[in-house]
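Each of the two complexes below includes subunit A, the first together with subunit B, the second together with subunit C.
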Partner chain A sequence: MTSIALSSSRTRPLISWRARKLLIGYSYLVPAALCMLATVVVPIILAIKMSLYADVLYKPQEYRFIGLGNYVRLVQDPVFWQSLWNSVVWVFGSVILQFIFGFAAALLLQQAFRGRALVRTLTLLPWIIPGVVVGLIWEWLYQPNYGVINDLLIKVGLVHERVAWLSSPDTAMAAVVFTNIWRGIPFFAIMLLAGLQAVPDELYDAAHVDGANVFQRFWHVTLPLLRPIIVVATATRIIWTFNYADLIFVMTGGGPANATQITSTYTLVQAYSVLDFGYAGALSVVLLLVMLAFTAAYLHITRGVEETD
Partner chain B sequence: MARRASTDLAERILGGPVVWTGLALLTAFALGPFLWMLLTSLKDRQELYATPLQYLPVHPTFENYVESWTSPVTPFSRFFFNSLWVCSVTMIATTVVSVLAGYAIARFRFAGRDALLLIFLSTQMFPSVLLIAPLLTQWRALGLIDTYQALIYSNFSFTVPFTVWMMVGYFSSIPRDLEESAMIDGCNHFGALCRIVLPLATPGIAATAIFAFVVSWSELLFAISFTTETNMRTLSAGLLYMVGQYEVQWGQLSAGVILSTVPVAVLFAFLQRHLIHGLTAGAVKG
Partner chain C sequence: MHDRARLSRRKLLHTLAGTGVIAAADLAWWDEPFIAPRKAFGAMPVRFQWSVPEPTRIALMNSMVERFNQSQKDFVVQIEYVPQAQARQKLISSVSGGNPPDLCQIWDNWVGQFNGMNSVEDVTARAKAWKHYADVAPTAWQTVTINNQIVSLPLAVTLDGIYYRTDRLKELGLKEPTPDWTWDEFLAIAKAFTKADKNQYGYGMRGGGTWALLYPSEFAYANGAEVLKDGQVVINSKEAVDALTWYLDLALKHKVTPPSAATDGFVEIVETFGRGVTSMYQHNSGSSSQQKKNVGPEKFATLPLPIGPAKKRASFWFSETLTMFKGAKNKEGAWQFMTYMLEDEPSLKYNTTLGLLPARKSILDRPEFAKDPSLAGFVNSFPIGIVSPYLAYPGWGGKIDSDGVPLIQQAMLGKISAKECLDRFAEVLKKEMS
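Right after this comes the complex of A and B.
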C-alpha cells in the first residue's frame, strides 16, 4: 500500500500509477504475444484461408479461390475416412496400453530398492529421445532379415518364417502402435509415480489396521486418490497421440497402402510430399476442430475433477 | 489369524519375486532396443549382415562413428552443430520471452489474463503438422528457407507456450512480500524482477530452459520442411536424410542414433527431479 502511495505522487503528472503498472505488465507480454502471433495465430488463419483455395505449390497458374472445394474433396476421399479410423486405433491402442504398463511401472518404481534412482532414470530414456531416433531404432529391430525381433521369435518358435512387420498391411499398425507404447510408458510412469508419492503413508497404515489387504488398499486408497492425475495424464496423452505424426512418418510414411495413415500423417504428407497446400489446409482445419473438441472435453473433465476434490 | 497370514503371504510374494521380476522386465524392455542399437553401431559390415544373426560384435570397432561423423554425403558433425546452434538460440530466446510473460501473468491482474493462460495451454495441444503448410508459405515469402532463423522462430510455436506455463507456476510460488519491500526501498518492477525474483526462481528457470532445448532437439517436421540443403539439416532431419540415401547404412545410422541420444540423456539425468515436479505441477493445475 505504501509503495502505491509513494509512487503515485511521483507519477501523477503523466499517467496514474495503476495505468502505468498495467502498461508495464502488458509490455512484458509483448515478446511472448509476438512469438505466438507469428508462429501460431497467423499461420492458423493462413491455413484456414489456404483451405479455400486451389493451392498446389508447383502449379501456381491454377491458384484460385474454390470455396469449399477442398472440403468437398475431403468428404469424398476414402483415405481421409480411413485415416480417421486409423487415428482411433492408433490413439486408443497406444494410450490404453501405455496407461496399463505405465501404472505397473510406477508401482514397481515406487518400491524401495538399491539403485532406484538409476533404474528410474534409465527407464525414462525411451520417452526423452527424439521421435526420429525411436522410429529408426524400431525400424532396425523390425527389419525382416537382420532384425532381432524376427530372430528371437523364430528361436522361441512363435513364428516360423520371417515377418515383414512394417511392410505388411496386416502387421504395420500393430508394429507402430507397439513402438509408441514403448515410447509412452515412461510418461504415465512419471505422472503416476508423482501421484503415488503424494499419497500419505498414514492412509495405507490405517487401511492396513482395518484389515485391508494389498489389493483392497490399491483399490480403495490408491486409485481414488490418483483419479485427478489419471484423468489429466490420460486426456493430455490422447490429444498428443492424436497429433503425433513423427513416429509413423519415419517408420512407414503412412504405408503400406495407407494401413498406418493417421489424420496427422495424412496432413503432413499433403503439405510436405504432395505440396497440395489447399488440401493440407482443409485437413488442418479438421485436425484443429478435433483438437478443439478434445481440449474442450479435457477442460470440462478436469474442472469436474477439481470440483470433486 | 489365518486371514492375516494369507495377507502377509500375498504381500511377501508381491514384494519379493514379483517386484524383482517386474523391475528386471521393465528395465530390459526400456533398455533392450538401445542396447541392440549400441551393439549394432560397434559391428563392422560383415558382422552386421551375418546370417545367422550375430548378437555380439566379435571385433568391436568405432569405424561407424568415425564414418558417420566425417561422411561427406551425410555430414553428421555438421548436423550435430546445426542442432546445437538452433536449440541453444531457441532455448535462450524462449527463456527470456517466457520469464517476462510468466512474471506478468503471475503478478499483474489485467483483463484477459485467464483467456491468455487458456491460449497458452491450448496451443500446447496444437498439432505441429497443422503449421507446416502456412509456415512454409510464410518463410518462403520472407526468404527464410534454409536459414537457422526459420527453424528457431518455428520452434517458438511449441517451446513458448510450455515455458510460459511453467514460469507462471514458479513465479506464483514466490511470495510477493519480498518484491514489495524491494519496491518500497526504491526498486522499480524490473529491478525487483531481476534482483529478487529471478535469483529465487533460477533452478526452475534453468530446468525449463533445458527442457526447451531438449524438445527442440527432437523437432523433426519443421526441420525437414524448411530446409532443402544438406548442410542446413539438424540431427533429426539429418538422420532421416541418411535413411533416404540409396541404401540404408545401418552401421552409420546406428552410430548417429547413439550420438544423438547421448546429449539429451545426459541433460535429462541432471534435470529429472525438476522436470517431473514441473510437469506434474503444471499438468495438475491445468
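Right after this comes the complex of A and C.
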C-alpha cells in the first residue's frame, strides 16, 4: 500500500526538468531577440521586398512587382559599378592607413611622458567631433580659394598654383580618404592602447633576457597578443566605413562627376533625390550582400586568431 | 492604518474602470477633445515644417508666427524647424509614413514630386476665393499650378540675374554694363575681372547642386534653345549645344572661373563673391542681403542675364511656396496661416529681410523693391521670366540631381563634350516623361 501511494505522488511532470531549464534560458533571450527582430530582421525583409517592386514615390500608379528588374538595372548601371569600386578605395584606403597610424599613436601613447593624460584626451578629439562637422571643417580647409591648406602649401613653396582638392576627380577621393583617416585614427589608437596595457611586462622582460631586440619584441610579443583586438577592430571599422556616408555627402556630395560616389551615397541619392525606393532598396540589398560576403571571408581567414596562443 | 483611509481593492478597480470609460469616450474626439478645453486656452495646433538655412530665418519666422498666434485665438502655429539639407528627406518620410505636417514651406520644384505622390492638397477653390488672388503675378500662379489645380501659395518668387562688383569696374576703368548687355560684353568683363595670380576670377560658375544645370540652361534659352518643345525633349539641339559650349569655355578656354567651379554650390559662389575672389555670379535675389553685409551695398549691383546671339534671354522663375498636405489634420488653420503670410505687412517683412521678391504685384511695386539697386536686376528680369521648364514632369527634378549634375560636372572638367553631356541628359529626361 505504501509503495502505491508513493508512486502516485511522483507523477511525471508535463515538461521535464531539463526542458524546463532550457525554456527558462531561452525565455530570458526573448526580449533581446524581439528587439533584434524588430530593428534588424524586419527592416531587412522589408528592404528585400521593396527591391522587388517598381516603387517610385511620385509614380504610385506604377507601383507593381517586377521581380529582379531593379537588380538587372543595377547590373547595367555604370554609376553603380563606379560607386562599388569607389567604395573599395574609400574603405580600404581609409582603414589600412587608420590602422597603421592608429597603431603608431597607440605605441607612442603607451610610453611614459609628462602630460600623457592630456595628450591621450586630445588624441580622441577627431573621434568626438560629429562626422558632419568634420566634413564641414575639412571642406573649408580644402577650399582652393581661401582654404588654409593651399595657403600653407603655397607659402612653403610646395605648390605654386591653388589646388582644387575636392573639385578635381584626380584628388577628390584622396582628399576625402585623408579626412576619414584623420577622423578614424583615434578609434584604432584607443582600442590598441587598451590591448597594449593588457600585455604583461614579464613577457617583454623575458624576451629581453632572451636577447630579443625592439623589433623582435614587437613582432613576437606585442603583435600576437594584440591580434584578437586587431581582428575585431578592423572588421568593425571596415563594415562601418562601408556604410558611412556623412563625410562624403557633406564634402563632395559624391562629385565631382561621381568621382567620390560610394554605394551608400548613391543609395541615398536614389532614395531621396530620385525618390526611387525600389532601386535604392536593391542597392541596399547588394550592399548588405557585399558586406556579408566580406565578413564571412574575413572571419574565415582570421579563424582562430581571436584566441591568443 | 485606518480602514477608512485605505483604498479598498474594489474601490481601486472601480476607479480604474471609470477612468478607462472616460478616456475611451474622449478617445473618439481625439482631434477635437470633448472634455479637454479648446476655445478658451486650447487653440487648434497647426504643424508647420520650416527648413532653416540660416539664423536670420529662425528669428524672422519666430516673430511672424508669434504675431499670427496673438492675432487670433482659434489656431496656434507650431513650427518644426528642419535643417535645409534634410527638409526634403524628412518630408518624404513623414508623407510616406502617413503623418505629414499640416503645412510646409517648400520650393516649387519639389511640389511636382509631392503632387505625384498624391499627397498635396488642391487649394484651387480657396485660392480663387481669396481676396488677393488677382494681385498675385500670373507667372507665380503658374509655378504652383499642376494639371489646372493650384496646389500651393507662392510666398516669395525668385528670378536669376547677375551680381557684379561695381567698385572693381571703376578700378579697372570699365564702362558700367547696361541692362541690355550681351554675351560678348559679359565675357569681356569676366576676362577683365580675372587676375588668376591675385586669386581673382571674373565669374563664379556653379558646379554643385540642381542649379549647376539650370544656369547654363538659362544661357541656352538666350541662344534660341529650349528644353521642351511640342512635347519633345530638345535640350540637345544645336542651339543648346552651342550655348553650353560657350558657357563651358568660360572655365575651359577663357579660365575666368575659380578652379573649384566644378563642385562650387550655393554657399561657395556666394562666399567667393563676398570675399572678393569672384566679381560676378549668377543667382537669384536671395543672396543680396548677404552681399550687402559681405561686400557693402555700394560696391555691387545686379543685372538681368545678358542677351544671347539669338537676341533672346530668359530667367527661370521659381516660387518659395506654402503647401498644405492632404493628410493635414487642421486644413482651416493651415489656410489661415498661409493667407496671413501673404498679407501686406508679413509679406513685406519676409521678403525685405531675406532679399526675396513678393509674389503680389502691389507689394512688389513698393520702393523697398523697385528702388533698391541690389534688386534692380531681378525686378528688371520680370519681363523675361519664364516658369522653369524642368517643372514639366515630377521626375525631372530628381534626375537633375542624380544624373544632370554629374554630367555637367564632367563637361566642366572637360571629360565629355557639351554635345555628349546634353545627348545623355536628353535621354535621361525622355525616360522620365510620364
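Remarks
The rule is short, and it goes like this: the second predicted complex is superposed on the first by the 257 of 309 C-alpha atoms of A that agree within 3 Å, B and C clash if a C-alpha of one lies under 4 Å from a C-alpha of the other, contacts with A are read in each partner's own complex, and residues count from 1 in each chain.
Following the convention adopted for this analysis, a contact is a pair of C-beta atoms (placed from the backbone, for glycine too) under 8 Å apart; a residue touches a chain by one contact, two chains touch by 3 or more.
Everything quoted here is computed from the prediction, not taken from an experiment.
Touch criterion met: A:Gly25 reaches subunit B, while subunit C stays clear of it.
By the touch criterion stated above, A:Thr267 is placed in contact with subunit B alone, subunit C being left untouched. When the two complexes are overlaid on their common chain A, residue A:Gln76 makes contact with neither subunit B nor subunit C. Shared-chain residue A:Pro228: touches subunit B; no touch with subunit C. Once the two complexes are laid over each other on the shared chain, residue contacts for A:Met50 go to subunit B alone; subunit C is not touched.
Of the two partner chains placed by the overlay, only subunit B lies in contact with A:Gly131; subunit C stays clear of it.
Contact comparison for subunit A: of subunit B and subunit C, B touches the greater number of residues.
Of the two partner chains placed by the overlay, subunit B and subunit C both lie in contact with A:Tyr146. In the superposition on the C-alpha atoms of chain A, the part of subunit A touched by subunit B in one complex and by subunit C in the other spans residues 143, 145-146, 270, 272. Taken in their complex, subunit C has these residues touching subunit A: 88-89, 92, 96, 112-118, 199, 207-209, 258-265, 268, 272, 275, 277, 394-395, 398-399, 401-402, 405-407, 409-410, 412-413, 415, 434. The touching residues of subunit A, counted against subunit C in their complex, run 56-60, 62, 79, 143-146, 161-164, 166-169, 172, 252-258, 261, 269-270, 272-276. Taken together, the subunit B residues at the contact with subunit A in this complex read 3-4, 7, 10-11, 14-15, 19, 22-23, 26-27, 29-31, 33-34, 36-37, 40, 48-49, 51-53, 55, 96-98, 100-101, 103-105, 107-108, 110, 116, 119-120, 122-123, 125-138, 153-154, 156-157, 160-161, 164, 180, 183-184, 189-190, 214, 217-218, 220-221, 224-225, 235-236, 239-240, 243, 250, 253-254, 257, 260-261, 264-265, 268-269, 272, 276-277, 279-280, 283-284, 286. Taken in their complex, subunit A has these residues touching subunit B: 2-3, 6-7, 21-22, 24-26, 28-29, 31-33, 35-36, 38-40, 42-44, 46-47, 50, 104-105, 108-109, 111, 113, 119-126, 128-133, 136-141, 143, 145-146, 148, 151, 182, 185-186, 190-191, 193-195, 211, 213-215, 228-229, 232-233, 236, 239-240, 242-246, 249-250, 264-265, 267-268, 270-272, 277, 280-281, 284, 287-288, 291-292, 294-295, 302.
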